[in-house]
Amino acid sequence: MHLTIVNPNTTITMTHTIGEAARAVAAPGTRIEAVNPDSGPASIEGYYDEVFSIPGMLAEMRARPHADAFVIACFDDTGLDAARSLVKVPVIGIGEAAMHMATLLATKFSVVTTLAVSVPALEHNVHKYGFAHRCARVRACEVPVLELENPASDARSRISAEIARAKADDRAEAIVLGCAGMADLAAALSAEHGLPVIDGVASAVKLAESLHGLGMKTSKVGGYAPPRPKTYSGAFASAAVSTED
Amino acid sequence: MHLTIVNPNTTITMTHTIGEAARAVAAPGTRIEAVNPDSGPASIEGYYDEVFSIPGMLAEMRARPHADAFVIACFDDTGLDAARSLVKVPVIGIGEAAMHMATLLATKFSVVTTLAVSVPALEHNVHKYGFAHRCARVRACEVPVLELENPASDARSRISAEIARAKADDRAEAIVLGCAGMADLAAALSAEHGLPVIDGVASAVKLAESLHGLGMKTSKVGGYAPPRPKTYSGAFASAAVSTED
Amino acid sequence: MHLTIVNPNTTITMTHTIGEAARAVAAPGTRIEAVNPDSGPASIEGYYDEVFSIPGMLAEMRARPHADAFVIACFDDTGLDAARSLVKVPVIGIGEAAMHMATLLATKFSVVTTLAVSVPALEHNVHKYGFAHRCARVRACEVPVLELENPASDARSRISAEIARAKADDRAEAIVLGCAGMADLAAALSAEHGLPVIDGVASAVKLAESLHGLGMKTSKVGGYAPPRPKTYSGAFASAAVSTED
Amino acid sequence: MHLTIVNPNTTITMTHTIGEAARAVAAPGTRIEAVNPDSGPASIEGYYDEVFSIPGMLAEMRARPHADAFVIACFDDTGLDAARSLVKVPVIGIGEAAMHMATLLATKFSVVTTLAVSVPALEHNVHKYGFAHRCARVRACEVPVLELENPASDARSRISAEIARAKADDRAEAIVLGCAGMADLAAALSAEHGLPVIDGVASAVKLAESLHGLGMKTSKVGGYAPPRPKTYSGAFASAAVSTED
Amino acid sequence: MHLTIVNPNTTITMTHTIGEAARAVAAPGTRIEAVNPDSGPASIEGYYDEVFSIPGMLAEMRARPHADAFVIACFDDTGLDAARSLVKVPVIGIGEAAMHMATLLATKFSVVTTLAVSVPALEHNVHKYGFAHRCARVRACEVPVLELENPASDARSRISAEIARAKADDRAEAIVLGCAGMADLAAALSAEHGLPVIDGVASAVKLAESLHGLGMKTSKVGGYAPPRPKTYSGAFASAAVSTED
Amino acid sequence: MHLTIVNPNTTITMTHTIGEAARAVAAPGTRIEAVNPDSGPASIEGYYDEVFSIPGMLAEMRARPHADAFVIACFDDTGLDAARSLVKVPVIGIGEAAMHMATLLATKFSVVTTLAVSVPALEHNVHKYGFAHRCARVRACEVPVLELENPASDARSRISAEIARAKADDRAEAIVLGCAGMADLAAALSAEHGLPVIDGVASAVKLAESLHGLGMKTSKVGGYAPPRPKTYSGAFASAAVSTED
């Protein structure tokens, strides 16, 4: 299968890291393509940045009619519902992917994300997905997204310290890493803390492979029905969908 | 006060109608400015259209640092959280406005919106706002948004029929009209059906005036903290916020 | 418009303070009348006191058929549903008013009220209104209601300390002041702590003005239908409503 | 034990019926005293009537310091929290009693009450008690409370028809009768429809006997702590509680 | 009445203690029979042990067609739904019994159980019963079940310390003891901490007596309908129910 | 990987069908082993039957220390929590698997299961997993489990009719088939009704492969910690787990 992973931010090195993390877990027959839009923010930290990443992300998706499934590689699950309205193939967000996996392995999990400004958006997703009684707490380690790419930063130790607090104070039985940029840390942190530490990129690759393997597609009845054809103006004229779609 | 109402779609006639509806209820000292973005969809019907309306909507907001408050005039409350992250003044969505007003007048309400494709997005908002036990049902009358502007359509009779069903079948005590384009129908439908029929545009104008009158501003602690300065690329380079903001 | 604010307790000095707080935010055309019943408790602290404040409060309302809207100036929203059953005009409780406003300004708020005995009643209201996922915690500063009227008390410093704890420990983004007697403290505490501090009296005045300005009235279908005429005996014979009402 | 049942309305014949229903199920050692206040409404139908029944009801309770437990015999559980604040012994509402019993016998129940005006108050109680996922629906048979006392009315057939609808349409496994005046119908309707039909008066008698038998008392920590002594004015001066209480 | 209490574990001394606790509160006409299965675990600590206690427990129930009601004396309410499917008489779990009683005495309670491994199963029950907003926290005192039988252990002091924390930190107004083996401690701990401390065994005896006294039986419509006759193989061939049952 | 699928009932032909359904979707490297216990009921229809299937199911699991993951092939997710307590590898229930998949493809789903007696157990699982706001309704087509194996039955047409009702009346966007015995019908019903029809066996195989592929294991902190070693008596003596496990 052809699996396109869209990093919604414009930081190419992060896209590369995400692609590597995806390839590391992909099944033999899965061709991973990791892309990012040309336009938008260099990182997504809170509600404002999300907005400007989605049109470019959807453009990348429209440009890939041959993709068998898509993964949205931002823990906010940026633009997930719109993406599902656009295409017929499965679309998986890394945030939901990690949380679903967590509920299959533990009765209660905590999320460790980057900055406090992102916590309400993630709490909102927890509520939306129905996991409010399974998610003990969404925690921020106060490391900016792009600092995760900096090997000289104290990102890893801050994340590890927050996991320790989640285990002790939240009685978390599993940890969900709340940023695509943390993908490479999951295995070591899991060994260190003695509980599942779950990365969304890897989780989403597996869920996308699963749905494709089952021949399942996004429902086109109801909320994800194709957008009605209409005039799109200005910079977004190209976003109009044709009646054939 | 200067109150800017942003219709997130690009249909100027609808913006005009919304502006008139707003002026009809505005307090003497309120100057209503109704605007819409140049780029984006002609109407917003479901998750996909929402995405392309928000960047232009936020651009209109950034261009109006003198506004004392903003209203987002789409019943989906399109981009509401991002807008609150951008500005310090109050921002009100017409969907939330109408629902809050409904809970002050009745123990249970139903929403009557345009198309079935929008129902899940609105149900999601109901859940997000906490009104799931107060909202009996979100109903679609299957009238496209722009058809509301066509006096020859059967839009009014379809909406009225749906209200009758909500009163009888949902035991709704109040009705929330689920589209900015229905603003002019509220009073007549309320008289016809003998219960409050609530328009979001008018409701949002009043809530915006209220918050401004109280000197209240959007919280800048937590989820609506100002976006961290960062590189914005391509079409959205202009969306970057400066450190002074 | 004529806006009657009923302080359900019998402390006239508190009624005066509430009236002043209301007039300070009222629109030019709003005539504020602040009243309290002759009979009932001097302050309302918990479930028991509420009961004895409501009959007198409703009597004040019945005596004012000319009022365009009512505000119930106790943070417990004492007798709110009964008041809405009695009159056709809008009725707003200061507790609900402040909480609704908080959700328009922040993703999460905490309440700071007077005594621990009132906390369960307020938590119950939070649950009833649907804000359980938006209200981080209801906190008591352990200052009795009437002590708020005593300039020599340490009330202000206790409230401020509790706000600091709510900001740090609850990650509250806004604070709701949980007593009518705290109305005059909101602005200064907001400046001190750098987040919205919301007073219910001012909030309720604005919501009442808003609903009146929109021509909205309480629904008379369902739970707020007029009471059926029936015999009322003894001290409450005067509470019977006539068939014309 | 001495068990005082307070019918909060002033209809003596109904108090008599309630007393008989209670005595029919009481344990040998239980002395049932059924009383009603002198002042208040002849029946309780909706939020307004509730208010005027509670002060008299609490006066009856204050006058009986020798009671070992109290039952509030109105399905709205009128004044239940205030009553618990007043006394140290257990207080049981017939609405909560019947619903608790229902959840011990079936996975899902429906309530059949008198008038539609009472439905929102009962739905609110269902939500407050935590049974929203266990209560399929609150139904009204549109029989006024006092009509239940009229043997010539069609009350029984209307209630039976509503039970049939609850069984077929709500998939209810048990029925809760939503009015004290229906107490005498439970056994026959249960036999007729082949599922548990639960009366609140009988249920509450048993729960009160249970708590007394266990030596359990109402918690005086938190929400039901004794009211702080304070001035009560006018008609309610006698409602003030002393410091010794 | 004949009330059979099944201790689902195989520890006879604990069955004896439970029987004594039950007899201490039983009504004069109640004959208490305390039994336990021959096969299964010596104590139930978490999800795994539960499984192996239920077949034996149900065998004890099938062998007692003369019982008027059953109590399941494990705080996990082990096999409760299956037991209700098997018999027509009432079946009460001690966990649900204690929690129902707690909500009749206090606005908020905490549970103090034995080991952390049991906490998720109990939190699940809290969620299932609808008490998530009434249960402040489920706490473990880290005393194994059978250690409660050892007079030389520090079990009592650990439980007492946990109650103190629940009162201070959770603002619990009542305490539910989360193990049948704690039945004898309730009265002394209640006196010590000044709030209701509720034992499930005693609570369940009273609820069983209540339902029997009311002539109420388990609903046989829906989820507790009798099992359809079918082949049961191997060790469980005896578990097949006949069509007459 | 070695994936063991345990059909918890004793019907070997059904085990064979399940194994075939699993092999049809398994990845190249997955060896599917489908087993069932020797003892227990021939089909699982409601709470009672569940109990007697679990000990045998767990025995099958204990006997396969080499398995890399387990699937429990009954839609009730029979014994799922106990199974997770027993082993370190992932365990997936087919009910949860299908529901998780449904939420990745649609905003709302309905379940179509066999008999009404199973509906409450499934509704309970929906509530436990957090999908109450995503699951429109659990429907029964009133076809007994083993009748699904009978080609002459009208099972398929009854299921199809129920799907049509779910689409029209529940506004379901996807259908979850509520029995392992329906696995072979999913594709045809999906084509017939034009929306995703999801089978739990196939879904669970893919989730088990996913977790194994990611190297994830069941958390051993908290609720799924290994059972404490203890005496197991009688028929279940062999169920005792050793300290090394």
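Letters A, B, C, D, E and F mark the chains as written, and numbering starts fresh at 1 in each.
Just so it is clear, a contact is a pair of C-beta atoms (placed from the backbone, for glycine too) under 8 Å apart; a residue touches a chain by one contact, two chains touch by 3 or more.
If you're wondering where the values come from, they're calculated on a predicted model, not measured in any experiment.
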Labels of chains that are neighbours to chain C and to chain E: A, D
Smallest count of steps, each to a touching chain, taking chain A to chain D: 2
Chain B on chain F, rotation in degrees - Cα superposition, rounded to nearest 5: 120
Chain centre separation (chain C, chain D; CA means) in Å: 28
Chain centre separation in whole Å, for chain E relative to chain B (CA means): 51
Residues within chain E bordering two or more other chains: 81, 107-108, 116, 119-120, 124, 127, 132-133, 171, 173, 222-224
Interchain contacts (touch definition) - all pairs: A-B, A-C, A-E, A-F, B-C, B-D, B-F, C-D, C-E, D-E, D-F, E-F
Parts of chain A lying in touch with chain F, wherever the complex brings them together: 25, 27-28, 81, 90, 92, 96, 100-101, 103-108, 129-134, 167, 171, 173-174, 187, 194-196, 198, 202-203, 206-207, 209-211, 213-224
Residues on chain D engaged by chain B in the complex (per definition of touch): 116, 119-120, 123-124, 127, 132
Residues of chain D defined as touching chain C within the complex: 10, 37-43, 45-52, 54-56, 58, 79, 81-82, 84-86, 115-117, 119-121, 124, 127-128, 144, 222-225, 227-228, 230-237, 239-241
Touch list for chain C against partner chain A, complex: 107-108, 133, 171, 173
